[in-house]
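Here come two complexes built around subunit A, the first alongside subunit B, the second alongside subunit C.
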Partner chain A sequence: MQRTLEGLVLCWVGPHRFAVHANGVGSIADVGAEAPWAGRAFEATEARPALSRGLLLGDAAVAVDRLDIFTQPCPVYATPELCGPGAGLEGFVLAQGELWPLVSVPGLFRYLSEAR
Partner chain B sequence: MKPIESLLGNSRWLLAPTVPAVVAGVAVSATYALVTLSMSATQAFRLTAVATAVSGSLLLIGLAVAQDRLRPLSRLAEGLLPPSPRHLDEAARAVLAAPDVSFSATLFFFSGGAALSSLIWQQWTRVDSTTALRMGLIAVTVAPVSAVLANLLMLPRGRVVLDRLLKLGLEPSRLLEGQPPRLELGRRLGFFAGVAVLAPFVLVVDLSLARSRELSRALAAAGEKGAAEVLANASGASSLLPVVLLGGLVLVMVLGASWLAGDAIGVPLSALARHTERVAAGAPDAKDIVAAEHETFNAALALATLEKSLTEVAERVAGASHGIGAATQDLAHGVSKQEKGAAQQSAALAETTATTEELARSARQIATNASRVADLARRALESATSGKGAASAFAVSMRHVREGHQAIADAVVRLNKRVQQVSRIVGFIDGINDRSELLALNAELEGNKAGEVGRGFSLVAAEMRRLSESVMESTREIGRLLNDIRDATNAAVMATEAGVKASDLGANLAQSASEALERIVTFSQQTSDAMQSVNMATLQQQSGTDQLVQAMSGILTSTKSGVEASGQIGTTNQQLEALSKALDGATARLRGGS
Partner chain C sequence: MFSCGASHYGLPSETAAEVVNLPQLTRVPGGPAHLVGVFAHRGEVIPVVDLARLIGHEAPESFKRAVLVRHPRGAVALTSTRVLGVVFVPSALQRLGDSGIQACLRGPARTDSGEVVVIDVDALFELLSKAA
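== the complex of A and B ==
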């Protein structure tokens, strides 16, 4: 049976994008330079934009360029074996007609902190 | 110092004739002795050897002595002494004395050598003293002939060297002091003639006596029977041949000495004659002196002095003649110029008279024109006054324009401040909207987390977020508009500032124009006054011009008289110039055609 998720936070960083489950986000706030920018997960050398929003969950915080909240139910696809655990990738969701990588804020935060 | 090429080796060359003279004397003496004295072959050989050795040694000593007397010449030639007048004079003295030195040395050493040779020969061959004495007597008799020969042979060479010294700058007048005064020319010639006569005479007498004694001894020895044979032998060709040869040799020596003596006098006299002819022909040259000896040389120096005096006198006369000629030419030139100037003056005076009359007419015309100019000046004054008023009004207008520009600039500045205030307000609204959008986002997130219960809340939050986004878009548009307004106000500020500057410039120009017109008014007033003065002066000028015409007439008459007087002076000058040229021709010949 196809698994679905309802309530996603769709995030854009540079030319890339990913999705976070709304329940995995504590709050949304303006963040400073202390929070790692999610874009670096895709391109290590890309500079962080001046204006950004932060996804907060406990001690973890990840900055993104832009975000939106998507409330429709979306099908979830499991992560292929080839991808491995990586940056907290939890699968893929189909939203707005496109496939989005589904990540968790703590996992992405940990990955970015280790890569610093 | 560099050696003097023309004098190098001259001293040796000068003394060289001594050698052949001595050799000839020795040869004659030896031959005579061999012919007249009865001696064996051994004795003859020893005589020849002794004569050769002694004469050669004494000749070398004599040459060394003479060479030492010529030391000033050799040192000058080698560059050891500078060719100064003093050293040239010393060298010339040595050269002039060289023939006499050679004569004395030859006479002394030849006689001494003869005595010494006789003594040595007697001791060596053990001949009797009479024979040795005769031998010495023969040589002593020949010695003056050799000495005269050496002297006469050296004279021409001495003249050549003296001529070279003269070319090097020797001062001829000093040579008079260098002339050895021992023997004058007449006494010298008498001595030479005596030697030329006495020497052969002595030898002939000696030969005759010797032959007579020899014949007497032969006749006595032969007796009456052999006398005829002895006499035949004595008059034979074989017996007479040596005597003839000896006589010929003596004759050659004597004739040679006589010929050289004549040449010693004749050559310089011929040169003096040619020199005198050249002076007579009008080509004197005081520096060209005939090199000679004794009275002949004195005559040459006197002739040179005469030439010098003649040249100096001629030059002085020529200078005076030139001066007269130049003065006459200058005078003639001046008279000519004066005549020409007087003619030009006469023509100019006539022209001036006509011009003066024209001047009077012009003065009246000038007065009329001055009146017109004064009228024009008055009109110019009125125009300038009117222009000055217009310029003042223009300046006032420019001040108003400047004030208007300044007001616009102030208003634009105020507007700019308002725009900045609005920008700050918009920024403030933008910040609030950002916070609202963030709150709406979190509210929507929380609504989603609540699931179905929070769906309504989430929808409201989403709508609030969209409103916030709309407000954000509006504030961005307002910001762009405010930026446009700010740019426009900045451009307006710059334009109004340029307008203020332009209006300031216009006001200044208007002020300058007003001041210039003020000065024009002043100048016009002065011009009018000046024209009035000109009118008065023109009237006075008319009166003065009439008086000038009368004066010009008097000057014209005087000028004509001056022209006539100049003509008379010119005629006199031509006569004076002809006289000067004749005098020039006469002195040119005296000065050597220069």
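== the complex of A and C ==
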């Protein structure tokens, strides 16, 4: 039986698109340079503070260009062996008619920090 | 038999499941360079591998189709600029090399459509798994 997930945060970061399960997001906030965690968010991306929002979980914070909350149930697909672990991939989800890589906030933080 | 860029490739017919028109691909963050993306197809996620990039040739500017290859370890779509049809080649072809992608290619064999290099699908999956 196909596994499904409800409650996704769909994120755009530069050329990338990611889906994060809402249960794995501590909070979402506007990113301003004055926020105490902004340094961590900007460390992972080159996002412009005026246009960004941030996803936070524990010590990980990621600034994204744009995000959408998607509440409908989405089918989850396993990561094919040939894709490798990539950015801590937890599979793929089909949402808004498109396939999204499913990642965690810490996984996304690590990947974006290393990719810079 | 299909082409990718200037080269012709062949697959054992039992492994070539179908030719698919590629939809918009989803990039795989942190994936290897030859993995150009994935797409959903009949309830599974199919990785798309650019054969030209894997071999080190200049990648075609665009590709809209791919040959879907089935293997016990999964499925992979190999980008194609043109599908040339079915040809018969000798079964005993030499490997092009001992390591890397060259160890996954056999031939070349002469056909009416030109020379073709045959892909050893077992070896290709082994190589792609290690590179992932």
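Quick note on the criterion: the second predicted complex is superposed on the first by the 91 of 116 C-alpha atoms of A that agree within 3 Å, B and C clash if a C-alpha of one lies under 4 Å from a C-alpha of the other, contacts with A are read in each partner's own complex, and residues count from 1 in each chain.
Just so it is clear, contacts are C-beta pairs under 8 Å (C-beta built on N, C-alpha and C of every residue); 3 or more make two chains touch, one makes a residue touch a chain.
Keep in mind that this is a model prediction, so the values were computed, not measured.
J.: Once the two structures are overlaid on subunit A, check if subunit B and subunit C clash or fit side by side.
T.: fit
J.: Give one of first, second, both or neither to describe whether A:T79 is in contact with subunit B, with subunit C, with both, or with none.
T.: second
J.: After superposition on the shared chain, which partner residues are touched by A:G7: those of subunit B (first), subunit C (second), both, or neither?
T.: In the superposed model, A:G7 contacts subunit B only, not subunit C.
J.: Identify the partner contact of A:A29: answer first if only subunit B is touched, second if only subunit C is, both if each is, neither if none is.
T.: Only subunit B; A:A29 stays clear of subunit C.
J.: Looking at A:V103, would you say it contacts subunit B, subunit C, both, or neither? Reply first, second, both or neither.
T.: Touch partner of A:V103: subunit C, not subunit B.
J.: After superposition on the shared chain, which partner residues are touched by A:L67: those of subunit B (first), subunit C (second), both, or neither?
T.: first
J.: In the overlay, work out which of subunit B or subunit C sits against more residues of subunit A.
T.: Subunit A has more residues touched by C than by the other partner.
J.: Should A:H16 be classified as contacting the first partner (subunit B), the second (subunit C), both, or neither?
T.: second
J.: Tell me, in angstrom, the smallest C-alpha to C-alpha distance between subunit B and subunit C in the overlaid model?
T.: 24 Å.
J.: If we count contacts the way the header does, which residues on subunit A are in touch with subunit B in the complex?
T.: Listed in rising order, the residues of subunit A that touch subunit B are 6-7, 9, 22-23, 25, 27-30, 53, 67, 69, 71.
J.: Applying the document's contact rule, which stretches of subunit B touch subunit A when the two form their complex?
T.: By the definition above, subunit B touches subunit A via 434, 438, 441-442, 444-445, 448-449, 451, 455, 458, 462.
J.: Using the touch rule from the top, collect the residues of subunit A that touch subunit C in their complex.
T.: 2, 15-18, 77-87, 89, 92, 94, 98-101, 103, 111, 115
J.: Where on subunit C does subunit A make contact in their complex?
T.: Listed in rising order, the residues are 24, 26-32, 35, 38-40, 43-47, 49, 73-76, 125, 128-129, 131-132.
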